[in-house]
Amino acid sequence: MSPVLEVAGLGIGLDDGTPLVQDVAFAVAAGEVLGIVGESGSGKSLTAFAITGLLPRGIQQTAGLVRLQGEDLAMLTPAGRRALAGRRIGMVFQDPLSSFNPVRTVGSMLVESAVRHRSIRAHEARRLGIEALQCVRLAEPERAFDAYPHELSGGQRQRAMIALASLNEPALLIADEPTTALDATVQLQILALLKRRLGQGALLLITHDLGVAASLCDRLLVMQRGRVIEHGEPQFLLHHAQHPYTRRLRDAALALHGAAVNA
Amino acid sequence: MSRSIRASRLGLYAGVALLAVLAVLAAFGPDLTGHDPLFVDLAGRFAAPFGSEHLLGTDQLGRDLLARVLRGLRWSLGVALCATLLAFAIGTTLGLVAARSRSLAGRIIRQVTAFAQSFPVFVLAVSLIAIVGNGFGALVTILGLVTWPVFCRVVQAEAASLLTREYVLAARMLQMSTLRLYTRHVLPGILASLSVLVPFHFADMLIAESALSFLGIGAPLGIATWGNMLQESRSYLVTAPWLMLVPAVAIISLVFAANLFGDGLRRRLGVST
Amino acid sequence: MKIKAFLGFSWLRDLAVLLFGTTTVLFFLLRLAGDPAIVIAGQDASDAQLAEVRAQYGLDRPLPLQYFAYLGRLLRLDLGNSLADGTPALEKVLAAYPASLLLGALAMALALVLAVPSGTWLAARPAGAGQRVARWIIFMLQGTPGFVLALLLVQVFAIKLAWLPAIGFGDARSWVLPTLSVASFLVPKLTRMVEANVGAELQASYVRTARAIGATEREVLLRHVLPNALLGLIALVGAQLAFIVTGLVIIETLFAWPGIGWLLVQSTMNLDFPVVQAITLVIVATVFVINTIAELLQRRFDPRVRQATARGVA
């Protein structure tokens, strides 16, 4: 079976040619969770943005191939690329407060996505949105649907964000530091939720926390200074890390989570 | 060096050069034209520019326009500069008081400053003219009195934030006198933002003065100022449009020079807004 | 940020303080400027007229008493009579008010119609070639005083082309040049404000979310960024209003438009002090009312402020 996402020789650089990410390659299969781990500035988030087509102004993909379900994304028009965003690729961001528009209700975002990608009417979209909020286990989904982002707690917002990202049952879900802004107890719930919402899709988890990655991922990629320096299964990396950088990430995670990582 | 820095330098130097030329013209120009700006020559009325011995032509009374526009330059520079300095002095002093004091005075200053931000102070200037009268001293006083909150707001905000910085707190703990504290630490810290305000304020004062004169309530009637010249030119827009164009171009270029200078200074000192 | 409780009527208190402060300043300035009887009655008044004015305004009494009497008259909305024709000053001002309101509203609308799209366009592609040129034009316009621009407009459209009337307040054709001229006081500044606000909002994280659910650049700007940017603009309405009112004073005089700006300049020239004072107070009140409306609008459309207020009142 062909992978959902296939990345080969990916390079990302500034407009003036300064390389930021070089030669990144990996594949994610359906139902699989791949983690990309690294410190900030390692290029892990840029990799995610390149796949989604959300690279900030002044930064562009300079080399490599990105295939989604066998389709080369470089061959798509900008409009074709947009048609993927929110439909076949869902994205969960780090800070759920600033990631929601402060003057729009949570529900209006769900409706916008549903109407755009499924060509359905607004009242159907509302039903769909409330269902999605139910699926992420938000108590009172109707209230959450009509709520403004500042009226929800951090955990509730991230659940709503996951509902938005997975609304159209995307083949690929990308979560960029989805738990960094949350309390430790809420973190585990959100990770469990991500895994549950995965369904038949693939999940790409971007994190600086090796412990978080190890608890959820089937395979890990370790990035430093724009390159993949190590990859393998989490348990293997935790116990037999070759690279001193990976060992440092592991020690940081151990200090943070204690025995939980080893368990 | 990036393009924007080079561009800002160019703007800064161009602004300085333009202002310097205009200042020299204001100082010596009126005497060099060989014409009295008030000399009436009814035989030589409405001479077109670049035609006769009058380089910029003559007005409805045959007065030399070049001499008049240069005399107006002297007046405009004088009023705008003095009004800016007055607003600067009042605004900075009151701003420093308001930055520190929790007293009633500080609160009143902050309240007045906040109010002035959304009040058309030009209206206030016009009303004050009804009370105080017009003329050089009155115009400078009125313009300075209604616009000092511009400086006060910036000084107050920046000084207040400086006073909570660690090195200033340390100096205060060492019992440094208030005067020394302000001259050694606070004033140098706010100098950049403060000096950027000056050229823009100067441009605003220039516009305000010529607008008041144009309305007939600024400069005393009869003397040569750009506002008065524009006011008089209105009756001859059809027959002698240069009567309007000469002072109009003069105002626009002086304001432009001040803005260019301010913009260059702002970028050079790295001050936002 | 502290948000004043609307239901607590504190805005009424603010207005009272504001009017009290303004009138007090005007009262004492008038005394400072010399003999108020001369200011009120005019330079050419005879001794008998001066005595009459002193008696009428109680100027022969001690200053504190005069002050309280003055406040008492203000409370009864008695702002004195116009020295030009003897009619009550406030009535005269209110008669001229609608013409100014019309011109101000037209100019504000035109300024918004021009500045919001162009500011958004400038912010959407800050480095574009067209944007660079536009930024230079705005810089030049900012350096052109409004009345100079108005004179140039008259020169071109009323005199050279003879399309539009040069002065007066008549049919809609006579509104065009004054509206354009008053708007020109605000458009360059407003464009820069919109550009700054939209530019700042485009950096916000929610823009990335909008793109992640497939919004086009146009949808990002119109549906996600602009509502936030315009909310920021409402907060600055006071500053915008100041430009419009300044424009009204100058442009009404230039076009002989019978509004309060024109009346203000006429009355200043005639040293008709009661009318000048009445106009100042009416403008203070107008600025205050519009600022309050802006605050209410902000509360209506910004869910964050709305909730904070609800909590503050309860």
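Letters A, B and C name the chains as they come in the text, with residue numbers starting at 1 for each one.
Following the convention adopted for this analysis, contacts are C-beta pairs under 8 Å (C-beta built on N, C-alpha and C of every residue); 3 or more make two chains touch, one makes a residue touch a chain.
Since the structure is predicted, the reported quantities are computational estimates derived from the model, not experimental observations.
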| item | value |
| --- | --- |
| Chain whose mean Cα position lies farthest from chain C | A |
| Pair of chains joined by the greatest number of C-beta pairs in contact | B-C |
| Chain occupying the middle, per Cα centroid | C |
| Intercentroid distance (Cα basis), chain C paired with chain B, Å | 22 |
| Geometric centre distance via CA averages, chain C-chain A, whole Å | 50 |
| Length of the line joining the C-alpha centres of chain A and chain B, rounded to whole Å | 55 |
| Complex contacts: residues of chain C adjacent to chain B | 18, 26, 29-30, 33, 39, 139-140, 142-148, 151-152, 154-155, 159, 166, 237-239, 241-246, 249-250, 253-254, 264-265, 267-269, 271-273, 276-277, 279-280, 283-284, 287, 291 |
| Interfacial residue positions of chain C with respect to chain A in the complex | 204-206, 208-216, 223-224, 227-228, 231, 301-304, 307 |
| Interface residues, chain B side, partner chain C - complex | 115, 117-124, 126-133, 203, 207, 210-211, 214-217, 230, 233-234, 237-238, 241, 244, 248, 251-252, 255-256, 259, 263 |
| Parts of chain A lying in touch with chain C, wherever the complex brings them together | 52-54, 79, 82-87, 89-91, 93, 95, 98-104, 109, 112-113, 116-117, 148, 150-151, 161, 164-165 |
